[in-house]
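Structures for review follow.
Shared chain: subunit A. Partners: subunit B in the first complex, subunit C in the second.
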Partner chain A sequence: MKWLSDDKLNHLRSVVSDPDFSATKYTFVKELGRGGMGVVCLAEDRELDRLVAIKVLNTPEDFGDRMIREAQIIARLEHPGIVPIHDVGKLPDGRIFYAMKYVRGNRLDEYAAQGASLRDRLRKFQAVCDAVAFAHAHGVIHRDLKPQNIMIGSFGEVLVLDWGVAKIRDDPRSSAFHQTMEGTVIGTQRYMSPEQARGEIDQLDERSDIYALGAVLYFLLNDLKVSKAAQAISAKATATTKESRYTTASELSADIGRLLDAEPVSAYRENAFERTSRWVGKNRFLVLLVLAYLLMRIFLIFTSRS
Partner chain B sequence: MSKPLIGVILGAVLGAIDGLTAWFTPAVRNELFGIVIGSTIKGIIAGIAIGFFARKFHSLPIGILFGVIVGAILAWLVAFMQGGYYFEIILPGTLVGLIVGFATQKYGTPATAN
Partner chain C sequence: MEPDTDIGGPLHRFPDTNHSAIINARSDDSSVRRRAFDTILASYWKPAYKYIRLKWHADNEDAKDLTQGFFASAFEKNYFATYDARKASFQTFLRTCLDGFVANERKAGQRLKRGGDMDHYQLDFAAAEHELAAHASSTLSPEDYFHREWVRWMFTLAVDAFRQRCEETGRVIHFQLFERYDLSDDEVSYASLADDFGLDTTTVNNYLAAARRDFRRIVLEKLREITATDEEFRTEARSLLGVGHP
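On to the complex of A and B.
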């Protein structure tokens, strides 16, 4: 009797589980990752001669049409910070797939682990907020924002991925879909708002995404020494009650912008000493010049006396 | 706040400080009031000139250089009229011009196009 080696066995297992793209214009290249909702593969688009990322969803047959419809809505989100969906369809085995732009780069958690500076992290985070604000303005709530769903491209561009569990606000068909899922917990626990953790699907709105953004910000700031203002922004975004959070992702982005410009932020009330320190820090060269001038005056006074 | 206004305020404040330090020179102490007024006016004139220059030309190095030149020239005139204390007047006057030149280039709202 011949025994198969572990390597050969694993190869056979992967071949069997690899999505069958034979009836599509795509050629499977390799698996990029696997999650609860499905598997993401690298594939070649034979018609356009380019690489794409394809997410194959492990959804029951009766959710397939709804997922395609939601993909159509998300495909209309044309924003530089949102990964575009190129195609959607069904595999021969009935599984739904999305084809989207293949982003060469690092996930946000990998980017932070490489030692990115505080300013760079905040700029990337601000770009994420702007993309999410755009989606919100078009009635789309992501519901699964986390560092692993944010890519930093090789040119520094920021892209939000994985809109597979997004909710379309005020869409009666989407509402019907989500009512069947009431009580179901959707998202990633660490970045989940309290209302999301309780499975209150109907209560989710833009502020649930803002909670997740605040958790992402906390993750980015966690291993750095940051100001009280930065901590306050994260704390406000992750407030337990929706009413205490930022109302929009644009507000959160604006506060990050003020933090980057050494301006006062809405989330934190400075005392006089902190305000002065911030002003001095922002204008340190001018302050040094004036101090140099005063020292020079003192020097001249002493030399004229002697 | 406009750049000329920043120049005026900073020039006046630093000019006044300049003049007040004359108190430490006993020989001119009884002329202190006139010295402070003159020094403040010198600072204001320098601030206006440097501020309007900053409104027209947006270059930090050139703005600083212009400020140094204006500060030095005005300070020299004052020292000449005083008939002495050239070093004690020109050096701080030049530094005031440098500071005002820097501040007017860095801060203040630029002129808007019509």
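On to the complex of A and C.
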């Protein structure tokens, strides 16, 4: 018998840990990604003859039924900005999986890296806020919002993915799942609210998602020259204390809308000069027209005197 | 679409508890009990030997005797029938029994000399010793080392069983592809395998996918043999496969 080195052993473990869909209607095609919470695969739905993305969660066995129930709640979120869940089930080894629409396109970070303009980025971000606001209105908190979980589809549509670690608000059993996973912090450090990073699961609410949205906005603005108002929106959303953040994702979306329309935003108090500059910027054509008229009048006055 | 495996059928689920050696170790039928014991012995002797060498600082002769003695005593006294899956995994139970056995033997103050009515198992201690010398434990605790070696041994047995099964079912090429792609230290591509085996790359892809599924099934069958309940099986599966929370 041949000795298996640590590398070979780890390789075989990963080969064997590929989800076994043989008892389902799916055929494994390839792995799309792997993270702390599970693995995402591309699979073929044999009945409907279409490709789907399947997330297989590394959940403790005891929480399987609960996770299925939560996935069913998330599956009821019908919104153009939320990736639809087609199916939820349990693999023979007890792992929970859910099948969702396979979205072709770019992740938000890839989209930004391709040189999207500030206005385009803000419009996409606003669409993300609207999708998250919809989920919040239905009592679902995402908890892992980040550019890698946001897709820009082939037609420019924005889709928020990966609701696998979402929390159902006001459901004590939902939070109990994660309390049991002691020492495990759900989410991604860079986009995680302070209360989430501290593992204060019972403190998580919509404003924890708003922090993550603020961090996503910061990511989108980071490589661009932006106004103080834009910076203030990101800063307010990522305030250390929850009370200082936007109360709802809709409020954040509205502020982004005002920023796009060159209106004053709630996160930033302008001085007179900034107010004038913004007004001038917004009404540039009118200002130019008035200036041209005034110059013409001055010119006419001087020419009539001479 | 990739072809379904012909080992176990297309909708094969996990092996059921009828195949559990842990359950069968409690059987009233001595032949069933004997087979169950042989399965447990085959699955654990090597990690047990290495563990004794490492944790108890036993020399190789002492470790051989202690390993033989432990399993002989376990069979004679039917230790494994007392296992309660609600309290711990079988692996933990066996390790705890082993610690107790070695501690008692050490307390007795004399090296075991097995013989007489004691069973003496044909175990390849030389290979175990060679592995121990060539791949000494790093920074793992003895308990983690035991687990790691058990995982390694389970996969080693599974590779061997997979090879045998492929030979029996006339699917030698599946094993050869698996061996070259997943077990060899050489970097090979599907294209180079296709050239070497006179196949097209799609066939290589399909054969490898089927081989991996069959290998996975064998790993899980082996695991089922040495777990007592579904819950223990699933927990150990996640641990063995390196996913989830063991």
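Going forward, the second predicted complex is superposed on the first by the 280 of 306 C-alpha atoms of A that agree within 3 Å, B and C clash if a C-alpha of one lies under 4 Å from a C-alpha of the other, contacts with A are read in each partner's own complex, and residues count from 1 in each chain.
The rule is short, and it goes like this: a residue touches a chain if its C-beta (ideal position, glycine included) is under 8 Å from a C-beta of that chain, and two chains touch if they have at least 3 such contacts.
Everything quoted here is computed from the prediction, not taken from an experiment.
Contacts of A:Q72 after superposition on the shared chain: neither subunit B nor subunit C is touched.
Look at A:D18: by the touch rule set out above, it reaches subunit C but stays clear of subunit B. In the superposed model, A:L300 lies in contact with subunit B only, and not with subunit C. By the touch criterion defined above, A:K8 lies against subunit C but remains apart from subunit B after alignment on the C-alpha atoms of chain A. Between subunit B and subunit C, C touches the greater number of residues of subunit A.
Counting contacts as defined above, no subunit A residue meets subunit B in one complex and subunit C in the other. For subunit A in complex with subunit B, the touching residues are 285-286, 289-290, 292-294, 296-297, 300-301, 304-305. Per the touch definition, subunit C reaches subunit A in the complex via residues 1-2, 4-5, 10-14, 127, 131, 134-135, 151-152, 155-157, 159-160, 182-183, 185, 209, 212-213, 215-216, 219-220, 231, 234-235, 237-238, 240-245. Only residues 1-5, 8-18, 20, 22-23, 27-28, 39, 44, 46, 58-61, 92-95, 181, 184 of subunit A touch subunit C when the two sit together in their complex.
Listing the residues of subunit B that touch subunit A in their complex gives 14, 17-18, 21, 24-25, 87-88, 91-92, 95-96, 98-99, 102-103, 106.
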